[in-house]
Each structure stands twice: as structure tokens, then as C-alpha cells.
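First comes the structure, then the notes that go with it.
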Amino acid sequence: MREVLDAVAAGELSPAEAEARLAGYATTDAGRFDAARERRRGIPEAVLADGKTPDEVASMADAALETTGRVVVTRAEDAHVAAVTDGLSAEATVDHDERARTLVVEAPGFEAPTIPATVAIVTAGTSDAAAAGEAATLVRAVGATVDRVDDVGVAHLGRIVDNLETVRAADVAVVAAGREGALPTVVAGLVDTPVIGLPVSTGYGYGGEGESALASTLQSCTALSTVNIDDGFSAGAQAGLIARAVAAAREE
Amino acid sequence: MREVLDAVAAGELSPAEAEARLAGYATTDAGRFDAARERRRGIPEAVLADGKTPDEVASMADAALETTGRVVVTRAEDAHVAAVTDGLSAEATVDHDERARTLVVEAPGFEAPTIPATVAIVTAGTSDAAAAGEAATLVRAVGATVDRVDDVGVAHLGRIVDNLETVRAADVAVVAAGREGALPTVVAGLVDTPVIGLPVSTGYGYGGEGESALASTLQSCTALSTVNIDDGFSAGAQAGLIARAVAAAREE
Amino acid sequence: MREVLDAVAAGELSPAEAEARLAGYATTDAGRFDAARERRRGIPEAVLADGKTPDEVASMADAALETTGRVVVTRAEDAHVAAVTDGLSAEATVDHDERARTLVVEAPGFEAPTIPATVAIVTAGTSDAAAAGEAATLVRAVGATVDRVDDVGVAHLGRIVDNLETVRAADVAVVAAGREGALPTVVAGLVDTPVIGLPVSTGYGYGGEGESALASTLQSCTALSTVNIDDGFSAGAQAGLIARAVAAAREE
Amino acid sequence: MREVLDAVAAGELSPAEAEARLAGYATTDAGRFDAARERRRGIPEAVLADGKTPDEVASMADAALETTGRVVVTRAEDAHVAAVTDGLSAEATVDHDERARTLVVEAPGFEAPTIPATVAIVTAGTSDAAAAGEAATLVRAVGATVDRVDDVGVAHLGRIVDNLETVRAADVAVVAAGREGALPTVVAGLVDTPVIGLPVSTGYGYGGEGESALASTLQSCTALSTVNIDDGFSAGAQAGLIARAVAAAREE
Amino acid sequence: MREVLDAVAAGELSPAEAEARLAGYATTDAGRFDAARERRRGIPEAVLADGKTPDEVASMADAALETTGRVVVTRAEDAHVAAVTDGLSAEATVDHDERARTLVVEAPGFEAPTIPATVAIVTAGTSDAAAAGEAATLVRAVGATVDRVDDVGVAHLGRIVDNLETVRAADVAVVAAGREGALPTVVAGLVDTPVIGLPVSTGYGYGGEGESALASTLQSCTALSTVNIDDGFSAGAQAGLIARAVAAAREE
Amino acid sequence: MREVLDAVAAGELSPAEAEARLAGYATTDAGRFDAARERRRGIPEAVLADGKTPDEVASMADAALETTGRVVVTRAEDAHVAAVTDGLSAEATVDHDERARTLVVEAPGFEAPTIPATVAIVTAGTSDAAAAGEAATLVRAVGATVDRVDDVGVAHLGRIVDNLETVRAADVAVVAAGREGALPTVVAGLVDTPVIGLPVSTGYGYGGEGESALASTLQSCTALSTVNIDDGFSAGAQAGLIARAVAAAREE
Amino acid sequence: MREVLDAVAAGELSPAEAEARLAGYATTDAGRFDAARERRRGIPEAVLADGKTPDEVASMADAALETTGRVVVTRAEDAHVAAVTDGLSAEATVDHDERARTLVVEAPGFEAPTIPATVAIVTAGTSDAAAAGEAATLVRAVGATVDRVDDVGVAHLGRIVDNLETVRAADVAVVAAGREGALPTVVAGLVDTPVIGLPVSTGYGYGGEGESALASTLQSCTALSTVNIDDGFSAGAQAGLIARAVAAAREE
Amino acid sequence: MREVLDAVAAGELSPAEAEARLAGYATTDAGRFDAARERRRGIPEAVLADGKTPDEVASMADAALETTGRVVVTRAEDAHVAAVTDGLSAEATVDHDERARTLVVEAPGFEAPTIPATVAIVTAGTSDAAAAGEAATLVRAVGATVDRVDDVGVAHLGRIVDNLETVRAADVAVVAAGREGALPTVVAGLVDTPVIGLPVSTGYGYGGEGESALASTLQSCTALSTVNIDDGFSAGAQAGLIARAVAAAREE
């Protein structure tokens, strides 16, 4: 602890970074940032932009960059992106995926992790792209490789059967589907890769807004686990944690 | 009308049968029996035993036999079956399907219809047998041929793929499934036979009791229609009505 | 297969059309288009515009036109219609139903099917017009004849009783109703035509947004099958499949 | 008040009856009995037996008989009936309706009211008998005449059309129905008698247990009011209150 | 019938009016108008503007004015009001209640009914004014007198206790309340006037949007009947029907 | 810590009691018992018997008695009571409330707390007795005085108005009600004592099983807090914590 | 009473203030204002701006200021704030909390209460600020001291553990949390301060909009009470009532 | 294939086993058994006894034993266990876990897999034992090691904090909890092991029957995936698949 305090006194460490190292979180105007999450959990703390003002998101992003060297923002509208990227150092790396509404910024000198593991991300149709993209961003942030298999819904079984090898070759798979949500069940019945279902909020009427898709993953007659409707963040983070466990075993 | 009244006067016609012919329904102790349904709708009026006492069911069955020559009882427990069959003429035909809980009695001389049409009835697993059996009883009562394809759930796609020809050869198909209810969607994606989904009340937790299976048929990304959870009666009757329409066209 | 590849090599076939013939689907920027659906299922693959950008819809429509000669777009807003029709060949046939929000485009030379079968489409009131119109578009795409019976809700029974002959004369009927959704039950009790209920999302408060209407078709004391709330696509497609089965029998 | 206390002192009035007259309620071992309800509301306080022990029901019935001369027990099982009737004065009048599960006891000398008004009670089928019977008991307790029209469900419209005159002739109607619950809407569309819908807990699957029937009365496209599922008590009491209002006007 | 046709031939009767007299409904561009409802049911057919275009509402209003001399429009936005009143005869009577969103137009010479009966309309708070106003419009259209008792929610019991006489003096009462919806129960416990609960869609979170208020009227420990959330139309129409029954008895 | 270990070595302390003192919980065959809850939270750890076998409950009760001198068992059936009381020291104090299904056992020498604070417990009717009794047991265990006000439901407002002084005199009140659950709202509108609503699972149909009562406390137009349906434990414990806070202030 | 009337006659008292003193409520154009609530309940009557027009809110605020010297407005948009503050006496005190959307106005000379009690208000994250702020406004209006502990969600347990002393030192705590809502349970397990859970409407998909957070407070395995989703008003008012009870005891 | 047919001809292979090898499933009286699941998916096909007769379960178990050498039965009542074990070869290995209701039978000579991976299974309380036990059976069947951490619910945080090392040391964790279901969130916030939430159906009232626990895992503010309520099978199978992936990497 003394070391940290000496560094603050010497101006080598900002108070926020010091607080983050000592307490594990940094206090900002917009809230306490969980600076130690990546160390503790292996996945970066992400800022959910939805329901926060651009200023609040920018303030939390600054804290994250200062204390951990990287920030992941999810559900980011254009105004959030502008607020976060405005005034960034020119050397910072910015990765904005419009469809997935994710933004990843790395401070200059940040060394992103790379791990020897692969996650397959599968979608049933065009409408699943946003949730699947959010999952992909998280997987990449953990350092694993993403393999996409898109538009292989069960209305035409040939599409998924033709693409099974990619899923079989992966260490873990995220399978996104809306409407009746049958794809995660069908995929999990054909491979021994662990499958994480990602229900998507398509559909209307009874079981609409993703409820039917969620029910299908929870009631699946094949074994899989699931996350909430449109929760690409959790699907990607969980896949990332599994990829880390596999990679760690691979490197033992 | 005079003819009917003359026949009653002459003792050639019971008052109940006369009422049935004139008003279209017969008044019994246990309710009004819709004696003209078969003439009007093409499917026999069925007595739903569930929630009725054995005496009530027997009274309605007697009215049906007297006025239409046949009765179909659904959701029949042993006591209902005993009450209905007790004291029947020895020449009456009795067909009791324990698993489907259906009972069909035909009065002596009743000529059951036969029509040139086929209905495929498909199940995902053992637990779908009761609902599928109820549907089969109704289809047979209409006079169509039933072709069964059992235990072909999507957890092992090979099972349904190996049996598609039976479905393709039928004029209409009823596909029963519980849990996540993916089978009707998968089958409907592979054939051009009209598919009626029959959700079954298996499963527990969220979406249990058939809710997920119902949602899957209503949200299906392939086109099909559905009936309520465990409603083998409606599935079979609707398939029977379609079979009658096809058979009528075939015989034009 | 060789034939197809030769045609591609000779420039007589586009790669997309070739892929559609060989694999049964065509890969576009906006997703994989199920080009073989019409051959496999008898109903044209429709593009659901809702939730897709105009560009995505136009890209999928192009693929459909190129590979199957026709495209059906449902839930199309003006921007979708403009994107799809912009730059079409002058000889293409365009049919846009504003109320039903459907758009049908046929490439020059496309021969739309015609089958000898009739579908009655019945509505309870003005608010059912959109869903019923979507169903009508699908029925016509299959080639069957549509007979409309409009504004015959049960609040005034005379209206439906006066129009029963049209329903009786049809091979299959779609009956659309919102609020308490009693019309499909009342119609199905009076005819032997198979009835497909189409619940509509009118009504507010308990059972509003079509839930009561859906429940009424699922709980109906007369036999019928149903589709999801506002799902004119499935109602029309299922009626079309039944009409095809009847027409095929008629032509045997 | 002095009069009442003098009567207690003289042993001419029990303490319970005195409390009932002064405070409007009587305290028993099993709870406070609302002895003034009939005076205040025009309908007798009923004891809901469901969820109470036979002893509790008997204790409350005793208080009612002592303070108001009459008791109405609803949802009474055999044990409740036995406990209440056990030890009754031989001159007491007992009316037990097994199907409706209601019990009405009148103390010797009680003069039941009679009012010049009629309530029609209509049922769709056999399963509606219990709820309709409970309603009838309450109507009779208020003193109005009950006219029953049974088994006229909408699956066969002729049954209700043949019996409309009874409903038109009544001052108010209670219409009971389960499943899809279309009957109250159909009846209310044909008469100008005020209709109270009484949804019944038949049906299974989606909208089962009376939910669909309740939704239909709440969403009805014709004007009517409703009570909760199986709540024959409220339907009968409300019809009774309306009958009293009409009778009072008739006697002005 | 001949008389009607002669009048059409002589130009004394429009075809729409003639159709209305003979068939009981008039066919307009925007649907069939139930012209006989007032004769059959005693309450005027109302046009629900919500979900219809101004043109559709105006077209149905014209049909109503022509065939019945009056029209009631509910849930009318300004555009609906403008479309209906635009081009009306100068002698027509127009009554627009902005808060209740109702519009009543009477053709010149129309004689509005007046009946000797009174309906109390009670509200718990300011937010109940719209639904209560819609009910009041319907009651007045039937010809009964409306007595308002406003802002007497149960949070301050003195407010309702001070105003009970108005409710007691009425023949029937409509009691509107949102949030926890306790007022209808409290009022019904204090008077012998029949009470119709009118739940209002205030409140948020669990039981919000009027669900708790509806549940309270359905579960009420005092006897009353209810209508759907915000359904001032049904509450007013049902109160009107009861008022008519009372008035008819009063005039016998 | 050394002290504790010495005592174990000397046989003066059982290992379970030692573990409880050191770790704050005791390990039994049936689970870990939270022995420090009373010290930490001020309310005794209660054993919920529902869903546990008599043996499991007895094992946990033994651990509680040994480590804290007292045990509170809730939802106790006769078999649970027998298992717990069997083999108890003759000097132990046993308090079993059959209606509330609670059992309190105090080891010989245990000194129950007494605090200078009062909790009013109010019920609407007989059916609320069990939940209210459970709450009373918890309040008494904390050491506060319980004042009961029973059977004062809103159907007869006089009953609650006559008993308000008891509520006003208390430091905090628990108000239990089922059906429409209006009582907590009405009481809270009349006093400045903090009110904790306790919804009870009476009622059937829509809003039944206590849902309407819970919604009423959550939507109440007067300020109060609530606990879950039938959760007398939480209502009593929370009232006890508030009583302790008041008593502590009183004793400052 | 005479005194009041004399003062009105003398022009010393406005009629509204007179009505408020005599009847306990004041009649305004926008409704009856419960002027006696503060005297009766100890918490000021608040005007819920949501769903009311600025004019209605201003009218009720005027009545409150005139009769009680203070007004609290909740869910106030800018237009409401403008309408209320427009034309206020320059000496009036105005306190507008934008994030909490509350507005407190005190008339010149109003003496706000101060009581010797403290309420801890705890939040899990940034999104809980609005509801927590509304609670804080109510607590302050009652006169108690507010201690805030912000951004201590359970994803990083260190944050709450580091801040427990503030909660322990308070007389009562409000704990706000959205998403899975675990924080109130975790806090209540660690302190003996009474905890009021305040579920917040964050989260999407299943259990979203605060449903999961509400369920967690109602199902909590530690004892606490709760208010509805986002109901900072009730949480703060209830905490205020408890603080008053504690302060009163402290001052005895 | 020839080899297999030769073996059948030679009597060395039963027809069932031959069918299983060739088609991947075996046809029994009670359904088609998915004999190739273990090969295809890595987890043994389990027979869900719930809803099946003892005979049906025994028939499917025989098929499993004959074709795969092992059977796992879940939700097994005593009658199911008796039917399956009756007539087993004496050398068969039988493992029946009464609390978990699982039964594992291995044919003589079956070599159960063992893999170098560990799964932590954590429970909040006694009521979670059944679901957790089912998960443990599946994990062991896959060959991984199970480490149990029991009774560490969040009401006493010390219990889980004291046992974190076991979770950290595992490759994947299953965390079971009922009521408010906070434990999976709290555990996942403290470790980087992938956590699978297993919600348990404890609790009553709102959010009861496991709904609140499920919602908590789906809404968790830390990243995890979940299975359905009480679905120990899926939790264990998914953990087993992840363990296999890790073990495979470890053995590369």
C-alpha cells in the first residue's frame, strides 16, 4: 500500500488509479467503477450506456481507461460514442460496431489479451445480428477467437447441417435465435460443444419479444444453458470465461 | 315436420330423436345434446367427460346414441367408461383407447363413414402419446386413415428425417410436442403438407405445462396453425375437416 | 450439378441462382435467402420487413427475384416499398396493398400459379382489415381464389348469418376478430368448412392487445385451429397449403 | 339504545343480538359477523365456507340466525352443512343445493322478502351449473324470481335463439359460460336487458381456468358488466340489487 | 318491406337508411354500421375512434346520423372531431367533451330520449376524470340524469362519507378508481345502490396500468360488478341499461 | 478465540457452540445454522419447516437451542412439532400456536428479551388469522408487546373506525388482508403509525391467491410498505426491528 | 367552527383554507386536496405530476401552499415546475431536484419540521439515483436527516462492506436496486437497522422493468419490507414515518 | 454395416443393439431410445421418469443398458427404481441417490469415463439439495470430479466467503439457490470460474416457485448463464460438457 501512496505523492499515479488499486473500485461523478473486475473475474467491466446520459458514460469510461487501460461500452447510441471518443488521446484505439452497438477503447500502450481458444457464434437470421455482435465483442475482449455462422435458421435445416463443422471445432458456442427459438436446441442435439442459448426479442403476439425463444432454451430437450433475452453481454462474457478455462488448461 | 310427429305418435321414433331432428338438439337430464353437429359440422359431437359425473356422461352418451347412432367420449376415466358401457346392447361396438382416454361407441347398425384421405400423426416422445391418441380417435371418427410417426423429437434429427415420407404422403399432419416444442416447426420446414401443431403439457419451470410448446407453434418461423395445449380433440377434428375437404375434392 | 456449373461458367446463370439451385439458399449481404422454400413448401418465402432496414429488405428481395422470380414482402413501410421497387425492371409486376402492408413483385416472365380452390376470409370489423389483407395476399400468392366477407361481428348476429353461404362454398376459411374474438367460434359452429382463427390485436385493458381473441380461438368450444395475434402471414399461408391439398385432389 | 339495554337486562334480547343492533356487527368466536349488512345493503351477509372449519362456519351461522333470522352459506362442503344444521330448531327452514354448494337456513318466524322482479339465469353448458346455482340462491334470498335458461352455448346458435324471450322478459340477466366465454356477448347483442357476465373456470391450457371467459366478458364488443371467475355470489347479489331497484320503482 | 322500397323509389328514403331498416345494418366504405342497435339494445351504437382514421370515423358517423339521427364517438382525437363535424348541417347539435374524448352529434330534428332515472358517477381522483366522463356521456345518451361525486378517494375517508347521500339517492352508481382501486369496494359496503366498478389505468410497477384496480373490483369483499380497465363506455352503457329498466318500472 | 478453544478442550463448550461463536454458524446434518443472526440482526433465526422433513427440522432446532438458547419454527405441521419437542429437557419452555403454525422453544435458563414497544396487528377477517399469528410470534420473540385488532374488514367501515385508537397507540402496525386487500390502505390513511401491509392468499379467479391483495399494498394511494403474500414471518420480523429501534430510542 | 367562520367573514382566512380546517380537504378546480394529511399522517400530501397537466398541478400546489404552507410535487417535468413556480411570492423557498424529479415549495414563514432521526439511503448503481432521490426528498420533508451510500452493488461486495457503518448508524434504511435486486437482501443480512427495499425498473427481458428486483425483495431470505417498483415516494414516506416514531421515542 | 449385420446373424449382437449402431436409436415398446447421444454429445441419454409409468421407464432403461452399457434415470420414484432394478444381472452396478431422485445403472463390464476436470456444486440451503444432487449425478456420469459447498446462502455472507477457494479451484461451478436467488450473482462476482445458475423452486407468493430465483440469474449484474427452475439435469450436463472441453484441452 505504501508503494501506491508514494506513487500518488510523487504524482506518478492519479488518485483514481490509486483508489482502484487499493479498494478495487474508483469513485467518479457518475458512480463507482469496478476497476478490479478484470483482475477478479477475467472479463472487463463494461459500461451499459442504455439509461445513462452521454456525460455519465464518458465519465465512467474515463475512469476505466485510467485505471484499467480499456473500456467496453454496450448499448451505445451515437451520442454516447461521441461523448466517449471526444478528446481521446490520438494514440488510443477505438473499435465501434454500429450493428452491435458496442464500443471498445484501449488506452495507448494497453496490451489486449490473446488466448488459445475459439468461440463459435451462430445466428438464425438477420434480426439476431445485434445480440450476436454484442456477444462477439465480449469474446474478443477476453482474447478468444470468434467464428461466425450466420443465417442458419431451422426453417431450412440444410443451412445449419452444412455448417456444423465450425461449431464442432469451437471450444464453446453461442447460438442466437428469436421467434420460436428452436436453433439452440437443434444445434446442441448435433454437437458435443457446450452451447449457450441467446434468445432474441423478435416476434409479436403470444410469446413475442423473445419470450418464446427464452422459453425454448430453458425447456430444451437437449442440455444447454442460457442467458436473458438480447443479453449478448452475458452470453459473450460467459463464453469468454469458458474459453479462458479451456485456454488455461491448454497452456498447462 | 308432420312426418316426424306421425312417427312419434306411431311409436316409431323416440321423443328425443324427434326433438333432435326438429330442433337439432336433444334435451337430457344432464344437458342439451347437439344432435345435429355431425350433420352441420361433419365431425361427431364429443362428450368431454372431464368435470362431469359418470351419470351425466352416460346420460349424454345415451342421447347421442339414440339420436345419432354414435358417441365419442374424451378424457374418460374408468368410471365414465363403465357408466357409458353398462347396459349397452350386446351388438353395440365399443372402442376404448386407455392411453388416449377416448371411448367410441356405435349403436348396432351404425355405418361409420370412410373417406379417401390420410392424416399423419407425429409425436416427439412418449409423453405426447395421450394427446396424439385423442387426435387419432377424432380423425378415425371422421373416416380418414391415420398414419403414425412416433418418437422423432429434434434432439436426434435423424429420427424425423428418416420418416419424412409418411408425412409427405399424407393430406394433412398433426405434430405433437412438449418441452420446447421445436418439432412442428422442423417438420413444417421440410414438407408441403399442411401441419397442425399440437403442444403438449410436458416441462416444468418457466414455460412449463406446455406454454413453451404453445409459444413455439404460435411463433414458428415456418407457416403452420395450432390448437391449445393438450387439445387433441381440436387437432384431430380440424385435421378431419381438412381431410373431408380433400376427400370431397378427390371424389368430385 | 454439372449442368448448373456449366451454366455459371457460360454466364447463363448468376452465382446466386446457382447457389440457390444447388444448396437451396442464396447468400446475400443481408442474410441467406431460402430460395427453395417455394419448391419445398409450396408457399413463397416472404421477407418480413419489420425490424429490417430498407436496404436489407431490398437486398433480400433482389435475391428472391433473381432466384425464384417473385418476392412477397410483409409489414412493409413506405421506405421498404421504395427501396424494393427502386430500379426494378419496367416489366416487373408490382402489387402493393397499403392497408395490408404487403408488397408482391414478380420478375418479367414469372408465371404466377393458379389453383382450383377458394379461401373465404372473414372479418368482424374495420380493425381486422390489415391482418386479413396480409392473409389474402398469401392466399393469392399460392394461386387460390379469395372470397371476402367483411364487418360481420357477433354484436349483430344477422350480419354473419346473412353471409354464411360464401363461407360454406369455400374450401377453407380464415376468420379474423379482435376484442373478445367470438366470431371464429360462432362461424365454425355453423359450417363444415375448416376454420383458421386469426386473432387481432384490438382491445385494451385485461386481455387487450389480442390476448383475449387468441384465448378465445384456443379455448373455442367448436373445433378450429389458430395462428398468433395479427399473424396474417401464417393464416394465409396455412389456408394456402390446405387449398393446394384440396386443389391437388380436385385435379387427380 | 336504552330500549335495547333494557331488553338485554330483561333477558328478552341476547347480548349478541343487542351488539348487532347497536354496533351493526356481532362478535363470535370465529369472527365479527356483519349483522347490519342486510339492512345496509339489501343483500344478506353470506358466510363463505371455503377455507373455514365446520366449527367456524357453524359459529358464524348461529350469530347470523340469532341476529338477522337467516343465514346463507356458500361453497359449503357436507361437513359444513352438517355442522350448521346440527342442533337447529325443528321449525327452522333448511334449503341445501348440493350442485350449487349453497345452504340457506331461516329461523322460525323469519319472513323471507318477496319482490316483484325477475332475474334470468342463463348457462352455456353443464359445467356452468354450480356457479349459476350459487347466483340463483342469492337472487332468491333477495326475494326476486329466477328464470333459468340452460345449455344454450354458442356452438349451436339455435339453442339460444329459441330461448331469447325468457331473457327479454326478465329485468336483468346473469349469463354464465366457460371455455371461450362467447355466450354473454352473443346474448347481450340480442336483448336490451342488462347482462351480467359470469365467467366459469372450465377449459385448460392457455386461457384455461376461466381466464379466457373472463377476458371475453371484459373485452366484449357489446356492453355488459362482469364478475370474477366462478363468482356466482357477486353475480347473484348484483342481479338482486338491480332487481330490488327495479322492484322499488315498480312499487312507487 | 314494400313500404320501404316504395319510399326509396320515391326518393324519400336513402338506400342506406332503407338497408338499415330492412337488414338492421348499413354498409359504408368503412364498414357495416349496426343501425338497429339502439332499437335492439336501447343504447346507441358508438363509433370507437381509436385505431380508425378520421375518414373512416366520419364515414361511419355519417351512416349513423342518416340512419339513426345520432352518433356517439368515443376516444376521439381532434382530427376525428374535425372530420366528423366538418360539413355538418348547421342545425345539427354537437357536444364534444375534450376530457372524456367523446363527441355526440344529433341530426336536426332528432329527439333525444329522457328517462326518469339517475346514475351517480363517482371518482377517486383527478386521473379518473376521462373514464368517468366517457361513462357520463353514455348515460346521458340513454336519457338518464348524471350526478357526479368527484375526488373522494379512500386516502381521506371523510370525503366519501360526506357525499354518500348522492349515491344512495341514485338508481345505480358507477365508481371509478385507479391505483389500488379500493373506492368501489368501500362505496358498495355503505349503500344498497347497485355499484359498477370502473378501474382506471393509473399506477406503475406491479399491478400498474389499472391491473390492481381491476383485481380489486373482481376480488371485492362486497358485491359489485365491473367492466374492463378504462372502459367508461361499457360502464356508462350498462348503467344506462339498468337506468332504463328502473325507469320502465317507474313508468309502468 | 483461545478462550473458546480452551472451553471446548475442557468439555465446557460443545464443538457446535464453539463453531457458532467463532464462525457465526453451526454445521448440522441438515445444514448450516446461522447462530449469529440474533446477535447480528436482532431477530432470532427461524427454521422454516415447510419443505423440510421432521428430522431435518429437529436437527436444526437442536443446533439453535444449543447455540442460541431458543428456536422459532414456522409453518410447522404436527409431525415437525413432535420431532422438535420429542426428547426436550423437561425444563424447556414450549409455545405452539396451532393456527399460526409456529413453535417457539426456549432452553432452560434462556432469558427472553422484553422491550418497551408495542406492535398493533390488525386483520380483515377470519382467513387472515394464520398469517397474522405468524407475525405475532415473531414480534413477541423480539420482546415487543402485541395488540390485536381482529375482523375489521372494509365491507363494514364501522368496525375499523371503532378500533383506531389501538392502532394509533402502537409504535408500528401490521395490517393483514386478503381478497381486494383494501384494509391496509384505509388504515394507513387514518393514522400516522407506520403500517406494514401483509397480503393474504384468499380469493380465487383473477387476482386470487393473494395477488390482488399484494397489488393493493404496492399500489396504495397512502404510504406504506409491504411483504410478500402470507409472509407473516417478514411482517413480524420487520415490525420487530422497528419496535427495537423505537425501544432503543426510548431507552436512550 | 365559529371561529373559523368569523375569520372568513373578516377576510382573515380564505374560503379554501377554511374548508381545509373544517373538512380536512380543499376543493380546487383540479380536485380535492387532502389538506389535513400532514396533520393526520405526519407526511405532507404530495402531488403526483405524472398524468396531470401543468395547470392541474399548479392549481393543486396553490391549494396546498395556501392551506398547509408547503407542497411536494413528484415526477415533475420541466413544464410542471414552471407552472408551479410561476408567480410565486419572492419569499417562497423552492427546492427542485432534477434527477429525482421532485419539487418542494415552502410558503414564506413556513417552518419546516426537524426531527432527531437519521435515514440511510443506499443505491446499487447510477440508475437507482432517481428513485433514491425521490425517497430522500420525502425523508427531508418529514424533517429527518438523510445519509447517502451510493454505487455499492453486489457485483463487487467490497463496496458495500466498506460502507456498512453508515447503515448501522441510521435508524432505518432505504436500499434501492434494479436488475436482480440482491442488494437489499445482502444489506439486511448484515445489519439490524430496519431495511425498506426499493426496487428500480432497470433490466430488460425476463424479469425486466424492475420485476426481478421486486421479486427479490418480496422473496428475500432475510427480513425486510418493500415498496413498489420505482416508488421512491412510498419508500421515503414510510422511512419518514418510522423516523418520526423513533424521534418521538427519543424525545419522550 | 455388413459387419453389424453379420454379428446379428451370428447371434452376437441383439437386433436392438444393431439398430442403435446403424441408425443411432433403438426402438422399444415405450419409444425410440437415442442410443448414440453419448457418442454424439458426450453426455449419457437420461430417462426422465416423471410422467412415465414404471414399465415404460424399465423398457427404456433396458434398451439403454443393452445398447450403451449404462442408463441414467432422473426424477425416479421408488416404483421406477424397483421396475428398473428388478431382474438386473447381479453384476450390474446400481447407484440410487434418494434425495436427488437419480438412478444410475451400469451393465457388467461397462467402463465409466474419468476425466481430469472438477465441477464445484454450491447450494444456498437445505432445500436446494435435490436439484444440486441431480446436477452432481450428471457431472459424475460424464466422469468429472464433484466438489460440494453446501448451505452458504447470502443471509450470512461469511459462509460463502469462507468457502470461495473450492469454487476458485474448480473448472466450472453450478450454484443452486431458491427464494430471491442472490447466491449465483454473489459467487460470480467473486471468482473467475464460469458459473451456471441453478434456480430452485422454493418460495411462495409473488415470484415464488422459483420464478424470482430464475429472474435473478437472468438479470444478474454479473455475467453467468442459467438453466430452468429445478433443472439439475441441464445444469449438470452443461457443466459436464464444459468439464470435458477443459479436460480435452488439458490432455492435448
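Here are a few things to note about the model shown:
Each chain carries a letter (A, B, C, D, E, F, G and H) given by its place in the written order, and its residues are counted from 1.
One rule holds for everything that comes next: a contact is a pair of C-beta atoms (placed from the backbone, for glycine too) under 8 Å apart; a residue touches a chain by one contact, two chains touch by 3 or more.
These numbers were taken from a predicted model, which means no experiment stands behind them.
If you take subunit A and subunit F together, the chains in touch with both are G, H. Of the two chain pairs examined here, A-H and A-G, it is A-H that is joined by more C-beta pairs in contact. Taken over every residue number at the interface, the positions common to subunit D and subunit E amount to over half, indicating a same-residue contact. With respect to subunit E, maximal separation of chain centres occurs for H (centres as means of Cα atoms). Subunit D and subunit H have centres, each the mean of its CA atoms, that are 54 Å apart. One finds 61 Å separating the Cα centroids of subunit C and subunit F.
Note on chain placement: the centre of subunit D and the centre of subunit F lie 38 Å apart, centres being C-alpha means.
Among all residues of subunit E, those that touch two or more other chains are 40, 125, 155-156, 189-190, 205-208, 211, 214, 218-220, 222, 228, 231.
All chain pairs that touch, listed by label, are A-B, A-C, A-G, A-H, B-C, B-D, B-H, C-D, C-E, D-E, D-F, E-F, E-G, F-G, F-H, G-H.
Subunit D contributes residues 40-43, 117, 171-172, 188-194, 196, 214, 218-220, 222-228, 231, 233-235, 237-238, 241-242, 244-247, 249-250, 252 to its touches with subunit E in the complex.
Subunit G meets subunit E in the complex at residues 23-25, 27, 30-32, 34, 36-37, 40, 51-52, 56, 60, 199, 201, 210-211, 214, 228-231.
The touching residues of subunit C, when paired with subunit E in their complex, are 125-127, 150-152, 155-156, 158-159, 162, 202, 204-208. In the complex of the two chains, the subunit C residues touching subunit D come out as 124-125, 153-157, 179-182, 185-186, 189-190, 203, 205-208, 211-222.
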